[in-house]
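The following block contains the structure, expressed as structure tokens.
Chain naming follows the written order as A, B, C and D, and within any one chain the residues start at number 1.
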Amino acid sequence: MSHNSFGHLFRFTTWGESHGPAIGCVVDGCPPRIPLTEADIQTFLDQRRPGTSRFVTQRNEPDAVKILSGVFEGQTTGTPISLLIENTDQRSRDYSEIKDRYRPGHADLTYDAKYGIRDYRGGGRSSARETANRVAAGAIARKVLGDGIEIRGAVVSIGDQKIDASNWDWDTVPQNPFWCPDAEAAKDWESYLDSVRKDGNSVGAIIHVEATGVPAGWGAPVYGKLDSDLAMGLMSINAAKGVEIGAGFEAARWSGTQNADEIRMKDGAPDFLSNHSGGILGGISNGDTVTARLAIKPTSSMLTKVKSIDAKGQEIDVRTKGRHDPCVGIRAVPVAEAMMAVTLADHMLRHRGQMGS
Amino acid sequence: MSHNSFGHLFRFTTWGESHGPAIGCVVDGCPPRIPLTEADIQTFLDQRRPGTSRFVTQRNEPDAVKILSGVFEGQTTGTPISLLIENTDQRSRDYSEIKDRYRPGHADLTYDAKYGIRDYRGGGRSSARETANRVAAGAIARKVLGDGIEIRGAVVSIGDQKIDASNWDWDTVPQNPFWCPDAEAAKDWESYLDSVRKDGNSVGAIIHVEATGVPAGWGAPVYGKLDSDLAMGLMSINAAKGVEIGAGFEAARWSGTQNADEIRMKDGAPDFLSNHSGGILGGISNGDTVTARLAIKPTSSMLTKVKSIDAKGQEIDVRTKGRHDPCVGIRAVPVAEAMMAVTLADHMLRHRGQMGS
Amino acid sequence: MSHNSFGHLFRFTTWGESHGPAIGCVVDGCPPRIPLTEADIQTFLDQRRPGTSRFVTQRNEPDAVKILSGVFEGQTTGTPISLLIENTDQRSRDYSEIKDRYRPGHADLTYDAKYGIRDYRGGGRSSARETANRVAAGAIARKVLGDGIEIRGAVVSIGDQKIDASNWDWDTVPQNPFWCPDAEAAKDWESYLDSVRKDGNSVGAIIHVEATGVPAGWGAPVYGKLDSDLAMGLMSINAAKGVEIGAGFEAARWSGTQNADEIRMKDGAPDFLSNHSGGILGGISNGDTVTARLAIKPTSSMLTKVKSIDAKGQEIDVRTKGRHDPCVGIRAVPVAEAMMAVTLADHMLRHRGQMGS
Amino acid sequence: MSHNSFGHLFRFTTWGESHGPAIGCVVDGCPPRIPLTEADIQTFLDQRRPGTSRFVTQRNEPDAVKILSGVFEGQTTGTPISLLIENTDQRSRDYSEIKDRYRPGHADLTYDAKYGIRDYRGGGRSSARETANRVAAGAIARKVLGDGIEIRGAVVSIGDQKIDASNWDWDTVPQNPFWCPDAEAAKDWESYLDSVRKDGNSVGAIIHVEATGVPAGWGAPVYGKLDSDLAMGLMSINAAKGVEIGAGFEAARWSGTQNADEIRMKDGAPDFLSNHSGGILGGISNGDTVTARLAIKPTSSMLTKVKSIDAKGQEIDVRTKGRHDPCVGIRAVPVAEAMMAVTLADHMLRHRGQMGS
């Protein structure tokens, strides 16, 4: 058991605080003889890096990953892969303001309740910076899964602004700063998010993430369900408040006939006429696209004042200055993809451990 | 690692198929010297038992639990508690109809894909019957948590019928067959569900579950988050398709100022002016009520015909006869409560292992 | 984590006390479609059953195993296999004598120190009866390993009586009540053990256990070493005080040239000219026979009086009446074989999880 | 599950190869608010460092540890402690000689069998260098255990040279290069080991390790036994071939009356008149000193030629040049102490998780 590890056979352990010398993770259980370079990982880290547009935090970290072990002559060796990312932009600023003040919606209060000590600089372990490790581990997981499985994510709403699903185009996603699959919505979101930021406010977001090419049979019927492990993984992302598999809460409002994914045959394989199940039946993948949605709450750090208390129990007002994302959900897309990747890689190995292939 | 266990320090392992001689579970890690009788467990089992109203399956099982180990002279001994529930109502009916036919929305197809063998009688491990074990383990978890923590659940919608939240009254919940906290809605639901059943159809449901009295400090910041473990536990319930903590997906549509749970002091303790966080900040309980919601899809077994295939890949139509709940979400309430209880009990022990109290 | 489970992918959890209604175990992670009957398990249980000769305890339990789940139409389904063995010979005798008296060498004192409560009847979880579960799980592990791997054990010394290794004959083992591979030594042991018993005394034993046919490559280099897992498994057997792999402590007295297992080729495969390594190099099997030895201390329960204390801290003398084995090591042979089998089965699945075959 | 982690609640994960840029470990589950500096860890690392006498390898590594996370203002925070040790002495020598040649007694052959790829430079993960991580984690474990528990080790034999136990003096241990508690024996060992080295040979060793001050009650009765976890931990040390708890194999040769640890009362607490049990009864500590012994085989790398094969299956002779310890057992003492420390720290947390204190 570990509070800082994820997965069982494909398992990674992360460490590091936002304002220490570095963060990193150890990826254990990776199969051997998989070609792997730092560049393979860097590609995905660059996607979640802060400072890429005016809609994400201006903290400027190159997030350059180093492989310290587990790779020899360009291939994984089957031994632990240690990854390290130095913290380069630790501004020596004055933290006295937040040292003893609990920011509402943050873990400040709960850290003190749990540990009785807290690295108050930048959120400690709860910093979004920890998610760089997930993205790095996810890059390795994608290599384990192979080219037959494609994982991708998109933002389907920010605040009260939704996409029009009929406009969905995956090619649009990398062409706007929001991971938005609807080119028209993406335009509106620029001005919307600008106004949110000007108001010293923030908004939440909903992320769609999916994996195509997952074979039928991964997962397990009861507690090692593919969907419950996905729910754990996605809900462990900072600021996550909800997870749906397939039709999710919508299915709860439907009748059985509306929800049924009818099946026909196509090219010798089952062909599901709809995918309300999100590609998972009874905890086991059915061969269709695995889909999930993730609700991210609005950034808690805002310029607007909110009522709070300090560590001594005095009532105070808190207003958080500094470099914050008006919609932290945007940068969560590569993280959600990564959690999908590591969950699938773990289940791939778990499946073949028991089944033999 | 186990695909049939839940929890780490308070950990239970379940076994058994719907149509074998019995089902059961082994609860490991329970602290010693806790008074425990079969009646303590039976109370909760009786709540989820089938056959209690016309809105749930008419399968008639007494679900009488036996304690086979781990309790001595009325007290837990700290060693594994083995619980056994005999399967008494295994009608010797003809299963040939479903033996080779994949029921859409069921695990039939995915079991075959995974294991290449399947106990087709009654759903095997995927039978809702497995959840009796969860309820039994949950009853023990409640004992571990003690009287200071109260866990309770309710159905807040079935199909497209919602409660009026302003009518919420916990005393109403046990007075109707739906676990509905709104007495007026409960009346409407009777006729609604009767019509659903007459149509040979089914509907989904949304369940609210909460725990009051949880002290601040349980959980962990990254992968042992209290909310991610709750998400895993709730999503592992049969037919679950979505989980929310606190405001859930609603929070994703809000601004930061709407979502902020402001804090004042009351009687020397933090007093949250709202609870959109669901009592969890940064993965750690904040002392407020822990709240979650769970989406349950419509029962897949219906009298209405749906398109499917058989094990040989032939296209067929499937119509599931037999004793099925028109809304399986109703009986999931005690199961959701149980998963809340076992998750909290596990985190209570994990917390004091590291912290010392 | 569980204090009552063993293994990771092939994992079993045991429960039950000597004087409860039953004992049992849940075997999780077993691959599907393996033919398995109760008789397959019973064969091995019968080997460790008490009452088979005058040299083992006269407690008379049929130890009849029942399969309650996980097997369908004669084949494993890949879901948990629940095994149950009823306790039939629970003599209703007077336990007041041992209720508050700590038997030296037993867990009475340490149970009270740990749990503050104790099922004093027959040793609770520390009863040798628990090992029936190990043997049952081991029988299933053998099926997982297949016919190519043979696991067998023998007693190589009891008290100060050793075998002559040059007389070793596996066929002799089942022909005497001691699992002794040296027919001549076995004759001497009869009178030796009779005299030990007449003296109200007991003796220890050393067990050899080996597995032939294990392919090279199982295990791992650092903490998942095949030998460290074997050491854990064997040392977890009741009354175990020492474990050796290959030459064991003898190797510590040797020089490097004495200890070196030189290698030649034979039939296209590595041929080790000696096997001081016990078939394991760097934690990974090398293709040679895996060998281990296990030291079992003398039975602590004796008719001879020994100084002790009671639960109130009063100094007393203790003399244990009842049905006890003068050399508990004899009945440990099938248990040691079982722990070898379950450890190997777990590593087989762990290996192919990471490696793919 | 992880092949590179040890422990459950106090858990560490190690990574790194002998010839990569660095090695390191992540210590997870450490309680918060424990004072900890790099110097606290360095003290123990310096004890196992190579190059300290002519009897250990002359590889010259400062082994300077850096704390990268989990400590804030001189105290642990309860979050993962990441430790890093740079590899500074990676001589750029020619490894072509061992690249494709299997050194007998080494993991070369088994690595290739398992992974199909191998970092042949210096043994990869099987390098004794990995044990620096264990020592570092052990230093933190000692802090968790507190000053009331003292852990210490000694070499009781090298090759066929034993100490005279009646000369045992713990103060002697740090005064000779062998961790020898018998000053007279230590003198003899100098010339003995010199001659072994001159012969191009090596010898094994037996290590005694003990912990005083362990309270009664740690451990568990069946698979989480304190002794089986110690056996696993000690047997996981490089070159270990045997583990004994208390009297070990000697107990197997004794009668019950010889082996019995009789009990009297002293100062209100149980006083064991002997400690053949090694302070553990039924898997649970009894309050007496916890003792274990560990057999280390002779260093496999020797100047003397031995028969072997290469990766292509050609028969060859192998003679290992380079800087090797003639008796690798000597440097294993601080490693054995560390494994005792981490095992106890883990059980301390596991005990209080279930018991509450």
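Keep in mind that, in the parts below, a residue touches a chain if its C-beta (ideal position, glycine included) is under 8 Å from a C-beta of that chain, and two chains touch if they have at least 3 such contacts.
What you see is a predicted model; the values in this text were computed from it and never measured.
Chain centres computed from CA atoms place C at the largest separation from chain A. Across the two interfaces under comparison, B-D and B-C, the one joined by more C-beta contacts turns out to be B-C. Distance from the chain B centre to the chain C centre is 39 Å, each centre being the mean of its Cα atoms.
We define each chain's centre as the mean of its Cα atoms; on that basis chain B and chain D are separated by 46 Å. In chain A, the positions touching at least two other chains are 1-5, 8-9, 14, 29, 32, 78-79, 114-115, 124-125, 221, 350, 355.
Under the stated contact rule, the graph of chain-to-chain touches is complete, every pair of chains being in contact.
Remark: chain C residues 1-5, 8-9, 11, 13-17, 20-24, 26, 28-29, 32-33, 66, 68-70, 72, 75-82, 114-119, 124-125 touch chain B in the complex.
Across the complex, chain A meets chain B through its residues 1-6, 8-9, 14, 102, 104-107, 109-111, 113-115, 124-126, 130, 157, 159-160, 196, 201-206, 215-225, 227-236, 240-249, 251-265, 268, 270, 273, 276-278, 280-287, 295-300, 302, 304, 306-309, 313-315, 329, 350-351, 355. Residues 1, 9, 29-32, 78-79, 221, 349-350, 352-357 of chain D touch chain B in their complex.
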